[in-house]
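Starting off with a structure, shown below.
As written, the chains take the letters A, B, C and D, and residue 1 is the first residue of each chain.
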């Protein structure tokens, strides 16, 4: 059914990272300061890649390939509070020789409330800082839903 | 002329904040970690409001009005390096009873190179966390280009 | 035996917190920036108190008791690197009505290498910011080695 | 006179760095989180060295000499609050071929109140991570009080 097809994710893997909110991540409003979500996103995509078997550190150190952030965005719905456990759900929305796009949702573990969502777009560069194709060895690891 | 009108900014004020990149803001790629730009944006909008005569701390403490971030985004073009002086140019793109939208550009001082740009969207909430109109006393301070 | 007594810890509980080093915690030297260890120490003492059954958040919110840091120190022996798992071992060295002293060791999980050690000293204050005795309900939870 | 000698500083230079407290530096207690003072100390010693004419970035990049932190400590007396301007006064207490020791005081600009003090101890290492003597070119720049 068309509807079923539409709902399917092309990249079905979702990786969940748990994090307990630290005191130092809160600000005087009593909730987590907005910039810290981007550090949580990084933890999420690190776990995503590691779970697939990719070794990002080796990619940098051995192959001289870096995958910096080109764009980042977040929407905030509810504040995470000190001592909350948050779950960062990371998935991939786009993966090709030009770029990777990660997508994130942060939920409060206790009640499942969605606190924030976001995305980051990445490209590959070499040690010289020049753009290069996203490594095939990385792309091959990303599970694709082959469809019906 | 239509062209002239189109080029005019509705909110013409641009505030510049200088910041010297700290060692701790860099990451192992040798450039500033992407999340720190959002802290720089905060410094930029703080200076913007202060320059207009707004006292955000008093707004919170005296009036019980908070203006949290609802959305944030950034695009990264070049890495800022340790010891660089960066200039954060902050302006307002939208200001009404529902929301504020700030826009930012980060340039390297030495050669004017654009390193990153971004925006944040804010709404007003009361001490109870409920949405409320953006305070008129704040909106009144934001200079508007009255046109021809 | 005297030697045995000397080796005994008055407060025998040691709490271990695992943390995977994030990219954003490294600096351009390729190792974790020194200030982040203090955030790790905070995670360590949070787990320590939680494990004992203390609810620090409730202590603040319900009782109006805060336990800020008065002094903090760290010694650095080896750099933690991106993607390392570090183990923060937290113990208490002193606990009385005047102050708490936590002690920390950070080891690399892979080979047990000691990376850093440190301590923090805390006192209790009320909502008014004035010093007050450390709450007995907290002290009671801290296990003491009663000796021979 | 002995008294006069005792009061003199061997390294008389004191460098002052101003910083406006950002929202994201506060925590839910409403004051600056303790770990951020170490980032301020870094800004202070960076300004100290730059003022003397030392180029720490060039020392790393050109000479392959790094001066990491071996020990760090801080004492906290009063909390810095959002929007406060703080002045970080940095001086050197010890400077020789084995180590540098910086000392810091953080004062609130508005009333001069001492908020925190601290120190850091540094050694020199080469690109290989091995200890090496502190560069003479750096030590030569540090002004010494030659006494009577």
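One rule holds in what follows: a contact is a pair of C-beta atoms (placed from the backbone, for glycine too) under 8 Å apart; a residue touches a chain by one contact, two chains touch by 3 or more.
Because the structure is predicted, anything quoted here is derived from the model rather than measured.
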Equivalent interface positions on subunit B and subunit C, same or different at half: same
Chain pair with more C-beta contacts, C-D versus A-D: C-D
Rounded Å distance between subunit B and subunit D, as computed from the means of their C-alpha atoms: 30
Averaged-CA centre spacing for the pair subunit D and subunit A, given as whole angstrom: 37
Whole-Å separation of chain centres (CA-atom averages), subunit C against subunit D: 25
Touching two or more other chains - residues of subunit B: 23-24, 29, 31, 34-35, 39, 42, 82
Chain contact topology (line, ring, star, complete or other): complete
Subunit C-touching residues of subunit B, taken from the complex the two chains share: 23-24, 26-31, 33-35, 82
Subunit A contact footprint on subunit B (complex, rising order): 29, 31, 34-36, 38-39, 42, 66, 68-76, 79
Subunit D residues touching subunit B - in the complex, by the definition given at the top: 20, 22-24, 39, 42-43, 46, 50, 56-57, 81-83
